[in-house]
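Chains here go by letter, A, B, C and D, matching the order in which they are written, and residues are numbered from 1 within each.
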């Protein structure tokens, strides 16, 4: 394995964390929200750079990145409130440089990459100089929800590897400098199917973007295109960490990456709820403030419940990812399903509470709904996770039954 | 009241209806679907005209319009299957000239207008020569879900009326030739607040479109803009039917109009289910066809249940609108809430079943979701209807309790 | 096959049906409700006989039974409103002799049995002299939701058959005079597994009830015990209809039997809604009638929607069972899932609306919930039906895809 | 106010807590489960005493009670896992003497009572010698969900107070030694309506139980009867804490009491899920283990999600009750609604997964459903809490809007 990141994260005191969260909220409110693009539009590159500079000045930049690479160095257990605060704007996480897929890549690189790889790939990513992407999903019948179906291969050559395959939903590929490519490799002496991760510059020979895919979301810059790898030749130093450890590394990325999505979208859902409450407080209907109308109250309360259950489960999972990463990763499946569905419901109710304005560009809510809709699909669809959750529950009970019967 | 439409609708025999439905399905499949605009785009005017001509040739044009005005003259009880078949394409109802708001206006005109008004306003609308719009909703705090809040007024002058006010969500206004305007009027000798409907050409002096509103749907041509009426002068012949009968006439329009929305969107939901089933049938995942996977099966079955309950309730309401219009209008509230929510769920599940493709432009499903999302809001939001349904249920029970206690 | 029932059912005119439904409602209200046992208790046999006599006098007895056997002879399409009216009391269907399992057995006998069998088995059942039961479900791993697992066998002997096996959830067996037994039989010359139905008196040698099963419901008299068949010998005249046609006959029973459950329980759910509305109308909370409180209104409206969708779907399925029995049987799966879940929700909401009283014996609602809870399981669980519905939908789409591709 | 409980709770180390939780689970499994009464039956008093003695020996008795009164003295933040483990049997909390209403009363007494009152009322309650009850709810139109409607009054006399009124749903009153009575009192010099809590022996003159109320649950011993207070005379020493502080004290009790219900019922829901998983693991259906069937998997996963969200929210609320009791009390409303509905769903799904057995006495699941059904009503119904949650959310947003506008 690559150099283990031995630097211990800086755990903030409760009051320091409170203060940081407030600072992020203030920054989002004062600096980021006024620069939000109109619904359906993407964030211009210049504004992105400007906002990141402002975030750096405000001391809120890259909260998840180790301090030696320019971040705040928070442990995962302290990300939830900070990321939620950032997520209150669809472009907030980009401003703080903690947006997917870069954020997950930074995390994985800081955990797994060699020192040299960190300097070359992590440093410019952490500073916001470059973007990255992650190449896991493949066109049918390759690896979609089921990573074992991986069809992209990396074959050993005398002086490195040659990679062949095609990736899809390669979020951010259009603006990325490099892709972390997951490819099937063959361990010496046969053995089970293995996978290796490679750091491949987008400008490497054989890399191309044959096809853009337009999806309903806009918050992840650089689209979600197909990326083709035709006889892409890389050296041994392109192997992220150790060869044949790709499936294990993927877990290092996936658990936290799933959860940070939850954190960010929870922020957006909170904002949606506030937009709805603002309107409910001001708007009279049938002779009373809408907020006092019971039918609205049911919806408002249901959204509060969705927000608080999500918040509690995210924090619990983040804590567990620190104390028991394996259990934390399992719980992140539960969190992912619950939160992705809860934030959708919250935004959907907010639209409903705002009536006609809710589906118009007068309010950003309909766009928010489009932003979060894909979250129930990417990073493992709700159905794939439910399947995994059910299987784990059944297995757990089989073990328990065996213990008792012994 | 205007001339009562005495012409009895042409009730088709069961087999003739079967044949018509099949013809519409075929027409949609062969002629309309190939001309669908890409997701997010609107239908060009030229294509619209071409499709309507084709529909006329195919004998499927204007199924709801009396034969003397060029339609098929079906009674409401025979609309459901025909409209559902048309709705299988987002542009199908436009091709058959049975799309909102025109379709509801045609229905109301043929029920209420004077012979002269029918010639002038209904005839060109029924033939597809012109478009129309309906001006009921107003900017807050005017008439939204609560028509009694009407702020647009029409004042009697010596030789007619002068109308002042502002309408919003005036669907289709950008391409309409005239608007049916709902305005508050004062009956002679005081009395309760009344409303009158006026037929006002969009080119009349004082009519303007001060503001476009962009919403997430595209299927209703001509957008949903604001329309301002500044000292608009009209003659007595602009009064649709009789003065001060606006609220009653609105009911004539609203019940059926709500229900035809249900019919059309049910068609789109059916199409979404088929797209999902097609994919489920072809796509292997975890070693079996997705359609055989139980988690997918739950979703498929839930959508079937949503489709069948909607279908049954629509037909029942349509039958009732013929035999007992008042009861039919009440039941149309129930149908509207159920169907608007059911079709949203069906399309949402279809997206989920199609995974990443579902949220991309490779499939039209994400756009379908945006098409039907506003339906839970317009024509009375789910909440407004729930409120009305609950109040009616409580009142019904009060009457029953009184009967028993007597 | 046995004598086909050629007698055409007496289809009532709309007004005659209205009148009958009103008569049943009146009978239930005036005669049956006052005799309802306290929650959790069963109906005494004497009261049952008395109520059936009263029903006969009132002209509402056995609405589904052909007139020559003493019933009203209504076609299935006219059962829904009558059965719903009867179901307004948990003992109403028993009073009208249209309760499960007898009602389903009467229907099957009148469709399939020989003239001799009708005289011997249908006549006394239709008149309420005796009870019957239906032996299909078996203890695990026999036939539960999956009839093809049938383990009870009938072997041909020289002068008849010998039946061996065990049945469970044999509703009504404790008070039944005979059981219609489903047993696996072997067609001559091999062939696929077949099943045959037998009419077996409970007093036949080898019949025993080894075990009572207590379930949460009370409305079906005679419990749901196990029934053991040890070397039960019957003659050829015990074969219901023709041998080896059991699976087909089962369908004759299952479709309508499922639907009549829906009708009856819909009546109980309607009553629950009325109990809740009565209380909501009378009870003040937070300074306003509970019925005017929006949170209550949401629940009331949701129950109205559940009731109306169920009602519409039941009627549609009943109509279809007359015009296209195969399609009707398929749709009855959808109706069964929807209605069994809808009535549970309606009663559950009624409890909630009644607060503490709702879970106490002051009101019958908690018992109603227990009455309908098993309905989501028996006659095919919601999950089994969802599985079947999804498979049929997928197959339908495969056929459609093939047609198009040709 | 009475003597403040200054004794700091004994916070266990993480590993000591793990060990305790395991000990409780073991105790429940080995000692308590074998003594569970058959479904629908109550726990005999002798068995209760025996189990409590065993719990004391096992070192798991009264985990929430301060050590000086014989308990384990855990802080609220360490109750969740212990109470959940106890709740895995419906009689587990009684065995550990942490069942409602006694547990909530112990908590309130140890927080509020004078030293003398603790000796007289808390000590025997904590040791399991006596039972208690809490008199808050009143028959309509008194205090139900709305405490301000309190109709029971306490009037000052020369040497104490005289209490008049009627309470209902006085859980445990049949076996209680005393009731903590909430009564309306008048502060000197007028002022707002106030309330005072009184410690009243059930044998005091004027106390009677005029009416039993039978509800569907059995786990709370001593039923939920009405209690009448006719001219009940008590001394000043019967005032719990200070006079006129009843509403504030009620909050001290209600927040934690709500949450401990959540903890205990979560245990029962976990047990239900395990019963279902056990069966799903063993039972073959359609040729595969039910647990592998996707439709079952959806249900199993949904229950896991319900369990984990509940667990996370309970722990978060318990932590908050320690660090910020006011915020904790507010969040307990959210937890109460979510958990009461989640545990009902989990048990309901478990029944469904177990098919016919699920609604029979072969399994305890149907009884579990009856146990938890009232939890959505008592301690504030879901609707009352939703109303409060929505109002708090709206008020929070109003404050935020004002801050921004300043």
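FYI, a contact is a pair of C-beta atoms (placed from the backbone, for glycine too) under 8 Å apart; a residue touches a chain by one contact, two chains touch by 3 or more.
Because the structure is a prediction, the values reported are computed rather than measured.
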item	value
Chain separated most widely from chain A, comparing mean CA positions	C
Proportion of interface numbers common to chain A and chain D (over half same, under half different)	same
Euclidean distance of C-alpha centroids - chain B vs chain D, Å	51
Cα-centroid distance, chain B relative to chain C, in whole angstrom	39
Contacts with two or more other chains, residues of chain A listed in rising order	294-298, 386-387
Chain D partner contacts - residues on chain C that touch it in the complex	137, 140-141, 144-146, 168-169, 213-217, 224, 283-286, 295-296, 299, 351-352, 355-356, 358-362, 366, 369-370, 373-374, 376-378, 381-383, 386-387
Of all residues in chain C, those that touch chain A in their complex	293-298
For the chain D and chain A complex, residues of the former touching the latter	29, 273-274, 277-278, 280-281, 289, 291-292, 294, 296-298, 300-302, 304-305, 308-309, 311-313, 315-317, 331, 334, 337-338, 385-387, 389-391, 393-394, 396-398, 400-401, 404
